[in-house]
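Next come two complexes, and both contain chain A; in the first it sits with chain B, in the second with chain C.
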Partner chain A sequence: MARMKFLCDADRCIECNACVTACKNEHEVPWGINRRRVITLNDGKPGERSVSMACMHCTDAPCAAVCPVNCFYTTADAVVLHSKDLCIGCGYCFYACPFGAPQYPRVGNFGSRGKMDKCTYCSGGPEADLSVAEYEKYGSNRLAEGKLPLCAEMCSTKSLLAGDGEMIAQIYKERVIKRGYGSGAWGWKTAYRETIAI
Partner chain B sequence: MRRLTSIALLTATLALAAPALAQVRAPDGAPNPTASSVNEEMLFKQDPKIHGRISIPNATAANLIQPQGREWRAFRESWMPWIGALAVLGMIAALGLFYFTRGRIRLEHSEESGKKILRFNGFERFSHWMTASCFIVLSLSGLNYIFGKRLLMPLIGPEAFASLAQYGKYAHIYLAWPFMLGVLFMLVLWVRDNIPGKIDWIWLKQGGGLIGDAHPSAGRFNAGQKMVFWMVVGFGLAMSATGLMMIFPFAVTDINGMQAMQVIHSLIGVVFIAGILAHIYIGSLGMEGAYDAMGSGEVDLAWAKVHHDLWVKEQQAKTASGPQLGRGQVPAE
Partner chain C sequence: MRQDDQTRKTDKTRKDGETGLGRRQFFRALGGGTAAAAAAVAAVPLGSTEAQAYDPGNAETRSRYRETDHVKAFYRTNGYETLKK
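And then the complex of A and B:
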């Protein structure tokens, strides 16, 4: 089984936000929620870099650990998913997540949090694969169709890579060797306790 | 001479800076764009979290990486269950031990037994019980955030537990409001009688009647009750402030602030629960006659004279016809 990961090659990201838009469209993500986002570091200064970030599908995921109702589970592909039927919208996973991945629709009085929504690595939720119920709650299930996450698939500069961790690390290594530089695999140390040694 | 020194210094500085300015080049001779680029390691040295600019109107989304989430996780999952269990079970064990060694503090009968004196009026009792009933639901739903998945979920299954926890969350958020109101009511009602004084020190030194058989003098509230009052006010306000910040997340603080709020809220919460357990014990099982004060509002005059002698004197001085007598009581001739 593959160990699915994301890798954003910041030296290629042009902050076009197409990954953000593609994700919102593919999964019919509600207003105010962005499963993926692009953050620009050192904006306007020399050495500026943009990084596309969503759920990193951590090894030993902090969100799953702190959840008071244990609504998270990890699939055979090492994708971290959750059940919206169990989620109570307490907001703890957002405090624990190093990447700010969990999002909450604002429902009811006091803007109280609704059920959490986050990147599913385009692989739905606990419902039956490609069912209507799964689509309504979690969006499309591209993995079940044999496809990779849309954000990475349609990245115009191929900055965002998705797929088996070893494979995308290999692609990134080859790039770095060929061009002679690379600002590293952002977030890998925090998410997987490892980084890409070149 | 001074000018010469400064020129020498400038030259030295430039000479030192020169290698850093030199272009690092890629294998094909192209300029290396990462020579000056940001990288994770460097940014973490500047700041414990990596923060940038984001084009969507959600300021909290501008954090790229905040590894502090893992520290907060360690607190919540490794420390908090033990701290919570120790505080709550420790207090229950201590109260059990106290009950079996000291036993129930009995009402001492005198010629004034049977006469009643009004201790808490209707509004005081309403404020107390509004706060108290909210507190019970708040503490149970609060403990559920820590212990629910460990104790209750294996018993009733994930679906039933999740819906219970959902109602628990609603109860926790909505009952927080009458609780906060109750704390404010009680603060206004009783702060006058809860100012610490010299008499409280004497009361404490004599063990407050809990240890030994002494009955030290006390006004409307003895030192122990004053401690409960200030605990409820202090912890109540702290829980309100931290809780409000969690009801309105990120309104005043950032992600690390939110983590700190949750830590403070849960730590004070379990100590608060332990303190209130002791209050419940002494107000019901622990002391005969004490419950009436908050039950009917009228206490036995004999009990009042033993436990709150100065207050009884004060009340009797206020009314020319003797003590404020309760309903259905014939004044003593």
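And then the complex of A and C:
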């Protein structure tokens, strides 16, 4: 059985934020919520790195472990999904997640939170596949359409990989063998000389 | 001795009042009643109000991933040699 995974090739990410924009548009994510974000380390310095981050669909998900209403479930594709009908917006999963994936819409004044929203790996929720109710709550279900998450498919530099974990790991290994990694990669010494090594 | 006799007399007077209970017996009886009430509450079955864990059906957790031509094209364009073998 295939296990769905994301893998961001940090040597290729140019922080264009196309993955963030594509995700927001595809799922009509509410204002103030980003299911995916691009994190930049050493911004503006030699050796700068950007990584596109979203829910990593953990095997032993800490969000599911702390949820007081057990609204999380893992599909056969190893995608961690949740039911917005059960979610009470308590915020425990936000504190438990090491990636900051769970987000909450602001539904009123005084800091009141709505139902949690996070990356669904473009595979909807507990409602019927490709139904209107599913789209309104969780966004589109591209996996059921025979496609992959749009963030990865949109990536112009082919930095963000998604799909069967074994397959994308193989793709990444081939890249590393071909071009090297970090300061060993092709073009690194031209850009940064030999003074910076990662 | 006279003072003790007086106290006993007073207690007897109170016991013989309308309730038929002495001061100490009254609180003893009240305490026993409270314990009995607490036991009765604990004995009430909670099955009807117990929270149920979310049990997603097979339809929700089934595999949706399919290696379609669309997906194969993604793998092919992202890898140097993938799917060429």
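Methods note: the second predicted complex is superposed on the first by the 180 of 198 C-alpha atoms of A that agree within 3 Å, B and C clash if a C-alpha of one lies under 4 Å from a C-alpha of the other, contacts with A are read in each partner's own complex, and residues count from 1 in each chain.
Keep in mind that, in the parts below, a residue touches a chain if its C-beta (ideal position, glycine included) is under 8 Å from a C-beta of that chain, and two chains touch if they have at least 3 such contacts.
Quantities reported herein were computed from a predicted structural model and do not represent experimental measurements.
Undergrad: Touch test for A:86: chain B only (first), chain C only (second), both, or neither?
TA: Touch status of A:86: both partners.
Undergrad: Determine, under the contact definition given at the top, whether A:77 touches first (chain B), second (chain C), both, or neither.
TA: Second partner only.
Undergrad: Regarding the shared-chain residue A:161, is it in contact with chain B (first), chain C (second), both, or neither?
TA: second
Undergrad: In the superposed arrangement, does A:43 touch chain B (first), chain C (second), both or neither?
TA: In the superposition, A:43 contacts chain B only.
Undergrad: Quick check on the superposed pair: does A:69 touch chain B, chain C, both, or neither? Answer first, second, both or neither.
TA: Touch partners of A:69: chain B and chain C.
Undergrad: Between chain B (first) and chain C (second), which does A:135 come into contact with in this model arrangement: first, second, both, or neither?
TA: After superposition on chain A, A:135 lies in contact with neither partner.
Undergrad: With the two structures laid over each other on chain A, which partner does A:126 touch: chain B (first), chain C (second), both, or neither?
TA: The answer is second: A:126 touches chain C but not chain B.
Undergrad: With the two complexes superposed on chain A, say which partner A:181 touches: chain B (first), chain C (second), both, or neither.
TA: In the superposition, A:181 contacts chain B only.
Undergrad: Can you tell me whether chain B or chain C touches more residues on chain A?
TA: The larger set of chain A residues in touch belongs to B.
Undergrad: Check chain A for residues that touch chain B in one structure and chain C in the other, and list them.
TA: 69-71, 86
Undergrad: What does chain B use to touch chain A in their complex?
TA: Where chain B meets chain A, its residues are 25-28, 30, 32-41, 43, 50, 52-56, 58, 60-70, 72-73, 76-77, 144-146, 148-149, 153, 158-159, 161-162, 165-166, 168-169, 173, 246-249, 255, 258-259, 262.
Undergrad: In their shared complex, at which residues does chain A touch chain B?
TA: 10-11, 15, 17, 20, 32, 34, 37-43, 46-49, 51, 53, 62, 65-71, 85-92, 94-100, 110-113, 179-184, 186-187, 189-190
Undergrad: How about chain C: which of its residues touch chain A in the complex?
TA: For this pair, the touching residues of chain C are 51, 53-54, 56, 60-68, 70-71, 74-75, 77-82.
Undergrad: Which positions of chain A touch chain C when the two form their complex?
TA: 1-2, 4, 69-77, 81, 83, 86, 123, 126, 129, 141, 143-144, 146-148, 152-153, 158, 161, 163-164, 167-168, 170-171, 174-175, 178
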